[in-house]
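Think of it as A, B and C in the order they're written, each chain with its own count starting at 1.
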Amino acid sequence: MKEAMQGELSSSLAAYRPGWSLPRAFYRDETVYRADLEQIWRKGWLFAGHGCEIRNPGDWLTLQVDTDSIIVIRGEDGAVRALNNVCRHRGSQILPAGSSGSAKRLVCPYHQWTYDTKGALTFCRGMHEFDRSGFSLKRVSCEMVEGLVFISLAETPPPFDSARELMAPFLRPQGFERAKVAKTADYEIHANWKLVWENNRECFHCNVNHPQYIKANWDHYNADDTSAEVRAAMDRAVARSEAKWAAAGLAVSHRETGMTRFPDVDVWYSANRTALVEGWVSESMDGKQVSTLMGAYRDADVGTVRARTLPNFWNHSSCDHGVSTRLLPAGPRKTLARVSWLVHEDAVEGRDYDLGKLMPFWQLTSEQDWAICERQQRGVDSTAYEPGPYSTYKEYNVDAFVRWYVKTLAAGASV
Amino acid sequence: MKEAMQGELSSSLAAYRPGWSLPRAFYRDETVYRADLEQIWRKGWLFAGHGCEIRNPGDWLTLQVDTDSIIVIRGEDGAVRALNNVCRHRGSQILPAGSSGSAKRLVCPYHQWTYDTKGALTFCRGMHEFDRSGFSLKRVSCEMVEGLVFISLAETPPPFDSARELMAPFLRPQGFERAKVAKTADYEIHANWKLVWENNRECFHCNVNHPQYIKANWDHYNADDTSAEVRAAMDRAVARSEAKWAAAGLAVSHRETGMTRFPDVDVWYSANRTALVEGWVSESMDGKQVSTLMGAYRDADVGTVRARTLPNFWNHSSCDHGVSTRLLPAGPRKTLARVSWLVHEDAVEGRDYDLGKLMPFWQLTSEQDWAICERQQRGVDSTAYEPGPYSTYKEYNVDAFVRWYVKTLAAGASV
Amino acid sequence: MKEAMQGELSSSLAAYRPGWSLPRAFYRDETVYRADLEQIWRKGWLFAGHGCEIRNPGDWLTLQVDTDSIIVIRGEDGAVRALNNVCRHRGSQILPAGSSGSAKRLVCPYHQWTYDTKGALTFCRGMHEFDRSGFSLKRVSCEMVEGLVFISLAETPPPFDSARELMAPFLRPQGFERAKVAKTADYEIHANWKLVWENNRECFHCNVNHPQYIKANWDHYNADDTSAEVRAAMDRAVARSEAKWAAAGLAVSHRETGMTRFPDVDVWYSANRTALVEGWVSESMDGKQVSTLMGAYRDADVGTVRARTLPNFWNHSSCDHGVSTRLLPAGPRKTLARVSWLVHEDAVEGRDYDLGKLMPFWQLTSEQDWAICERQQRGVDSTAYEPGPYSTYKEYNVDAFVRWYVKTLAAGASV
């Protein structure tokens, strides 16, 4: 990192006070944004998409991390890999940004340099002799866990195994490998990516902002407002299904009201299963099932599985569908979000599911959240903004996210 | 101010030559714009709106000074105050930017932190114990003069009293406190705010650019072109009404052709009453009255009252209506303007006034000026631009504005 | 050039490796773009337009070089001159950017400062006494060669004579002085101007990207793929017409397959005549003549004349029409292109030519190229981009362009 940039960053870091929201620069300065890219987005693991989106050999999708377009492709050997979408000849983009498709070879449209599905340069008519082996498409690290594809732009990414170990047992019964994406919605959020996460990490705002969400879930209750009645209802919901779930290998891992704690200052991934409100079997508008059962489920009463990884992914899944949200940074005050609805691969629209019933719960929740984030961005843009205190009852996860962020950023920045 | 910024500014200031237009950097550089914000926009008094726009307790409006949204609200005690539109919890914007409305309490839409109309934090469900008294909405200084609301973002604003003393006698008979805003028009001017002022401070450009304006007014004549006939007509216009006006406490304070001198290098406010052309009783397209008489006027023949304050306000008022222009900075090459037409609060559209007759005079004049300013911006953007001489006959006020600007900027910059 | 800027530029230059594409910064950084403007765009000769566009005294056109608008005007004495489009009073733009028209005097719309067609200030009502002779519109150097107008923003431009001497013999028979512009098309290309040139300097990409172009031309063949048949066809095409052309003073100057070599590291201009494919007499979709013969031509079989000057011009002309492309820089990642189709001044649309037949060949070729350039820009934007090798067979001119660029930039930067 350049020296001046580091100086500016250090003074911003020095102004941070644990338990309080971040100083203004973190939400809007180009310098911080560049550091976020270098230390977090280009070092950690990013959710890229679903394996079922590139089911067959040659299937690919692309995603854009700030300036960088990445290809995720299933090779002819069936393995999923990630490659930089930049021709090694003169740097042309090979596949259109944001597109998906299928190909046996990746041919640069400019001078037809041709790469195989592993990225090796196999053909370049018109060139003089040179060692082609040094001109493969640059590789990006790639890992799969139960149908979810993660990539890392780092030269030496952090270990992925511990994340896989923790998440796989929760994700496996959901069966994303035998799923399909029924619908995606793309959003341009005019807010810093950290505001999107702070919003995601508490349900303090749910009562007023997410009327549909709170009907299905418990995580808007906390130590300060979990009445005896709420506590009893939660206990009943867990008790009702516990034996059955345990038998099916679906043990509840979060039986508290309030959101499960995440992240830890050193842990960027988590997953859990928790109960839905009594009478609710799906995160749908009325709690009723909205598609055929997914994966290993034989009964609709499986509560909800949740997984999340920093800095760009969360998923909520019910017995019949899953919803993945992928964030990508596009500037200090702009974040791209893609929300994907997944159902069983054999489910047929119109027969087994109806988008009008599948989508609203998370479409509303997402769009309500983006509006909140943009409003907060406009507020922290003000020179009058100064950090405020996080509620110890309700914003422990926001505080945890910010601690994770500051530690991760500072660790990288001192390298 | 950061050192590098100050160095850049100093060298720009050193290049300034009194009597000539400003060096190029002043009209387009980010560094200068930042200094303008710090030294002028965030230190002086800004016109915010009209008291009649927030007539009742709880009525509020918001305005945007660069990145900062400000609430102007009439408290339940009837007093008008200004508050930063930034929640003290996590910085969300509380009221929508650019909106107006009415409320008994200001409730942040994010987590419902609730403030009273004076900005005190009165409610914050879900928070742990903390000293709420330190978390009022940040106050912005606010002053009223005869129905005009001014704010200052400075910690210690300059005194307002002298401005009030000078302006009040001119404004009082106009009766803005018993007025209403009949219409506002918002403009995005692609020009530096100082070009808008330079344009405002001379009528050298009026002959060709404002055909409607010069029919009503004298200020496009100056020492070099006030013929004996013009002089005589002006004298007649003043003489005709002087006794009557004096009796009504409306003495003419500017009986010269040419614009009244403003600003002085140390004075940022002024007001005066001057005569209209014979036969004209209102700044309307044909000079005829376009609404019911305002304020203390009992006769249409009252000439025209004018007031202006730097850096963002001017008003021209006739017997029957007033027009306020408010500028707000939105970038080195972007200025927002709001033009508001005011009439007597009891005037009824369709009966007492018709927007088609009320608006055109100042709508045309304003839009003609914005086009001029944008054209000048495109010219000073050129590397070929160099400062040119102001006419001592016709641009004395432009020169005075620039001297005021340079002095104000330099004073702050050396702090 | 400022010191920091020079340091940044030096380190970018140090990373350049001859024979390879440029390091990433050259295609997207503001610092490099500023240096390109200073050292290349504001120092060299720029194609501005055609003399026939300003045929009569008082006719003018304007063009925009980054921030600077330039007027090219034919004086009342018939000579063509260039002037900065910036009033010497307060810097207003005088003529609308991108417009053309005719006037006996240039009158600033702001305060009517009036200049004659040579730029002298002749009238400025309302000003005090001052020496007007110092307030002419600033002159821009201007040269004509056979109906093409070139300007230079440099105080001391490089010599133009050698360029005129080389190009005039090729251009003269084309008769641009007795031509008219039948149509112009304006494009905003989202790519650095150097990518547009690199694209222009090779036909390696033609086979796949320009199906219509390769039917008419030979320059997509090179040493590596000019088969005996291609060679023989090329020889036949030249032999067929050589005696006839020589007699008419139209000798072929490039009889090779492959593009004529340009630029040389020290030479920014070139022109040549080469053969079209047998059966083709015009760069039209079917090779047939699409307008009346131009200039000195008495026979359609004249091959094609080509001229190009760095940094902003190329022209391909056939017996019946010419096509000029003018580039102008508008940001690190934005280039404006104007493509103009010229025909004989007496040609009448509908009778002698039809835009539907005149335009497609170069409209398609141009638009195909802009799409390529934008795709390459998106690729080099990636942090994964690194320079790749130019084909010694096919990209010698791209390499030559880059060498010219680096030498020109470095020469200026060390001043």
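In this text, a contact is a pair of C-beta atoms (placed from the backbone, for glycine too) under 8 Å apart; a residue touches a chain by one contact, two chains touch by 3 or more.
Note that the structure is predicted; figures quoted are calculated from it, not measured.
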Same or different residue numbers at the subunit A/subunit B copy interface, by half rule: different
Relative orientation of copies subunit B and subunit C, as a Cα rotation angle in degrees, nearest 5: 120
Centre-to-centre distance between subunit B and subunit A (centres being mean Cα positions), rounded to whole Å: 48
Where subunit C touches two or more other chains at once, by residue number: none
Partner subunit A, residues of subunit C touching it in the complex: 21, 198, 204-205, 208-209, 222, 224-225, 372, 375-376, 378-394
Residues on subunit B engaged by subunit A in the complex (per definition of touch): 42, 67-69, 84-94, 97, 109-112, 126-128, 130, 135, 138
